[in-house]
Amino acid sequence: MDSIRVTVWGENRHEKTNPRVAALYPTGMHNAIADGLRQYPGFEVQTATLDEPEHGLTEDVLRDTDVLTWWGHLAHGDVRDDVVERVRQRVLDGMGLLVLHSGHFSKIFKTLMGTSCDLKWREAGENERIWVVEPGHPIAEGLGETIELEHEEMYGERFDIPQPETLVFLSWFKGGEVFRSGCCYSRGKGRIFYFRPGHETFPTYFHADVRRVIANAARWAAQPPSPKVVFGNAKPRETLEAVTE
Amino acid sequence: MDSIRVTVWGENRHEKTNPRVAALYPTGMHNAIADGLRQYPGFEVQTATLDEPEHGLTEDVLRDTDVLTWWGHLAHGDVRDDVVERVRQRVLDGMGLLVLHSGHFSKIFKTLMGTSCDLKWREAGENERIWVVEPGHPIAEGLGETIELEHEEMYGERFDIPQPETLVFLSWFKGGEVFRSGCCYSRGKGRIFYFRPGHETFPTYFHADVRRVIANAARWAAQPPSPKVVFGNAKPRETLEAVTE
Amino acid sequence: MDSIRVTVWGENRHEKTNPRVAALYPTGMHNAIADGLRQYPGFEVQTATLDEPEHGLTEDVLRDTDVLTWWGHLAHGDVRDDVVERVRQRVLDGMGLLVLHSGHFSKIFKTLMGTSCDLKWREAGENERIWVVEPGHPIAEGLGETIELEHEEMYGERFDIPQPETLVFLSWFKGGEVFRSGCCYSRGKGRIFYFRPGHETFPTYFHADVRRVIANAARWAAQPPSPKVVFGNAKPRETLEAVTE
Amino acid sequence: MDSIRVTVWGENRHEKTNPRVAALYPTGMHNAIADGLRQYPGFEVQTATLDEPEHGLTEDVLRDTDVLTWWGHLAHGDVRDDVVERVRQRVLDGMGLLVLHSGHFSKIFKTLMGTSCDLKWREAGENERIWVVEPGHPIAEGLGETIELEHEEMYGERFDIPQPETLVFLSWFKGGEVFRSGCCYSRGKGRIFYFRPGHETFPTYFHADVRRVIANAARWAAQPPSPKVVFGNAKPRETLEAVTE
């Protein structure tokens, strides 16, 4: 595989209305995420946002995207259903998808999971410690035992998701909760990774380890063209005697 | 748990239009499935069909259903979206769901899986041999090593489903295909089992082992009331110092 | 299934040498565990301990055991290899196994898992909060959202186990760690559940919720006789033409 | 990662005693496997065999091995237990392991799985069709829908293994059996892949698709150095008040 083409999708609304978010992310959260990926070799990164035509996710853009990252929060309902369905088809056809933080409630994640994707939350700025539970997994490459985030929003279990195919990270929150923070899935020929941290009022997407995880996950989710799958009516591969039914 | 309340849902259209199906299943496929369950103790069985008001799946019926079985084929599109969503919510809340044969393409299965649920198929009446790959699983209780079906429709891989949490059965078809025939999932607090055989032109639902599997699966999928899950804003369980953000 | 025959195995050494443990568990930890099970209907409970002949786990005892619970800590090395192998064979043949707390380092658990089963630990008597992450699982029946233990030993990730088939519980520790506390496996025809709490210097096995989990897990792990499995040379099920090799 | 260092381990006994095997594999089966890997860029391949000192698997060799492939059949019992334990420790520390065909009964596979790894078998030279069930998995890259092997030994279910973390391939045999033919596991920080075909009396390891799968699997199993894992007594990460126990 040559370079991995990543499209970083951002809702980009908080940045326009909340001065604190605008101060933290002056070019938008999506650009902080994109810049984090650009620190690593092997990626071609572009961005797309909600208020662009077709949310920036045209057929052409998706066809040329190996991995899509998704951050949304207050405007999940504004995402067009036909674009969600287009993204879903590309995932089933092999595109990787990284769902970030409040993206747990996005249409695209909920439709791929089939569950409510609901959870507990609290904005108290408490510290989060993300533990690596599968140190041999490629998404954990280069990390230490934990990722320490001084201030984050809390997400707590029960997280109503299908059980992950692999659980890479677990979060500890000072207020007493735990959370499955790094969850791998495959759907169709595509790979999906949910990664918890990233509240808009904290500089999480500048954190070196968070950026590393996103880069690792993008590499893990990127796929070479996979075998064509044939569905529908199929001739027998072996001789079948005629059946008199 | 007292007796398990099973609602057997049937599309019940082939039976009205195809004399061969009507001959095989004079009271409808749903009644053959229901009668199979009634051979085992511990079930209270009722049926519901597509052409009843609300497809027979009112709020009241679903609230009093521990396990729903689903057979549909030619009229998936006629099932109302609001009823599908109602069933989905009941599954997430703990109702078991057994999806039978061509139910793989039902709205309820596809929405819970998130994938296309597509597959290969062939109507040649060839023989199917279902191998037990997890003999220790409760759904395999009382079976031998295989279930032998003299004539069945073929379903072949690639079956586009999320990988099963447990794969209980695998099918061998004389024409050269294999299929993941018994697939366990959990979604929300509900348990889902997909079971492959059951083409409408064969007497599959009178087969003793097929009936046994459906009874075993209904027992596995039936749940006692599970812990209430609280989502949303959560107070800390431990003392948090005030954070000056 | 009639009543479930549980054998509660205890190392029973701390109780003889540590006055604090003896005071907490005057009849031994195994009897506290056994008494907890006896609070629930449907169990026939007996105990066995390390210092009995064959550790109390004769062929006869194991043959008549549906579920074995295992607590050991300081004397894992004193358990005879031939008894471990005998237990392993019974598990593969369908006996349930509940591995409790420091049993993570027992020969029987390590040999069934294939990994080191190592972890972090700390004896600081801090509080543990066990979160239910799969509220629909039968092992969580009757619980609330958490189990609160005022004082426990800490176990922390990385826990070097194969990834659980189902992860039912996660622990939060005040000192900053998390742990996969309720882990389901199947091996052969047997079911295995690892449950974390139970340090010998705390009254954990008198805790109502801990007792409930052990009873639920015993029910989950108990299996009716499963299909006989035939291994080895096999005649074809279908006609094979002679192959001239 | 630079090139992947693969050590191809072969029992190399049939080749010395069975003229038919010697004719098919004049330089040994291990060299056919090694040559297959050398057709792909990015591998450094060496071989090791049973009758070398320490079976060719010294501490030095293993330290410099990213992925080990294992083929053995008639002499599993001749493999030294200390070498098996050495290999196991390297797998837990991150080395990949590809277990081929009759390697299902090797000490190293059985000890890592914890189960009997038994199965059905038949030497009738019937045809095998390996179906890709996870076309999006990197081990399936570049394949078609099936791998067709004109003559192979049959292996049939029940295959007594822990359920695979991912099941990539399923085999169909003309005689009526099915088999889970491509099984992914992780143990410790290492990745393990079991791949079914490869009976010594057939030219399976010259088959282009079989070679491709082994190369794909070696790439999948090779890991960059993973995070160091710290086990044992751990200081709290957060302030703990003194506990008066």
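Letters A, B, C and D mark the chains as written, and numbering starts fresh at 1 in each.
Throughout what follows, a contact is a pair of C-beta atoms (placed from the backbone, for glycine too) under 8 Å apart; a residue touches a chain by one contact, two chains touch by 3 or more.
Owing to the predicted nature of the structure, the values given are computational and were not obtained by experimental measurement.
Engineer: Return the chains shared as contacts by chain A and chain C, ordered by label.
Structural biologist: B, D
Engineer: Pick from B-C, C-D or B-D: which interface has over half of its contact pairs in common with A-C?
Structural biologist: B-D
Engineer: Tally the contacting C-beta pairs at the A-D interface and at the A-B interface, and name the larger one.
Structural biologist: Pair with the higher count of C-beta contacts: A-B.
Engineer: Using mean Cα positions as chain centres, tell me which chain lies farthest from chain D.
Structural biologist: Greatest centre separation from chain D goes to chain B.
Engineer: Under the over-half criterion for shared residue numbers, do copies chain B and chain D use the same patch or different patches to meet?
Structural biologist: same
Engineer: Round to the nearest whole Å and give the separation of the Cα centres of chain A and chain B.
Structural biologist: Roughly 30 Å separates the two chain centres.
Engineer: Express in whole angstrom the distance between the two chain centres, defined as the mean CA positions of chain B and chain D.
Structural biologist: Using C-alpha averages as centres, the distance is 36 Å.
Engineer: Send over the residues of chain B in touch with two or more other chains.
Structural biologist: 129, 132, 134-135, 145, 156, 158, 163, 165-166, 174, 176-177, 186, 188, 229-230, 237-238
Engineer: If you look only at chain C, which of its residues touch chain B in the complex?
Structural biologist: 94, 129, 132, 134-138, 140-146, 165-166, 174, 186, 188-191, 223-224, 226-230, 237-238
Engineer: Applying the document's contact rule, which stretches of chain C touch chain D when the two form their complex?
Structural biologist: Residue positions touching the partner: 88, 92, 111-116, 118-122, 124-126, 151, 154, 156, 158, 160, 162-163, 165, 174-177, 185-188, 201, 229-238, 240, 243, 245.
Engineer: Of all residues in chain D, which touch chain B in the complex?
Structural biologist: Counting only chain D, the residues touching chain B are 129, 131-135, 145, 156-159, 163, 166-167, 170-173, 176-178, 180.
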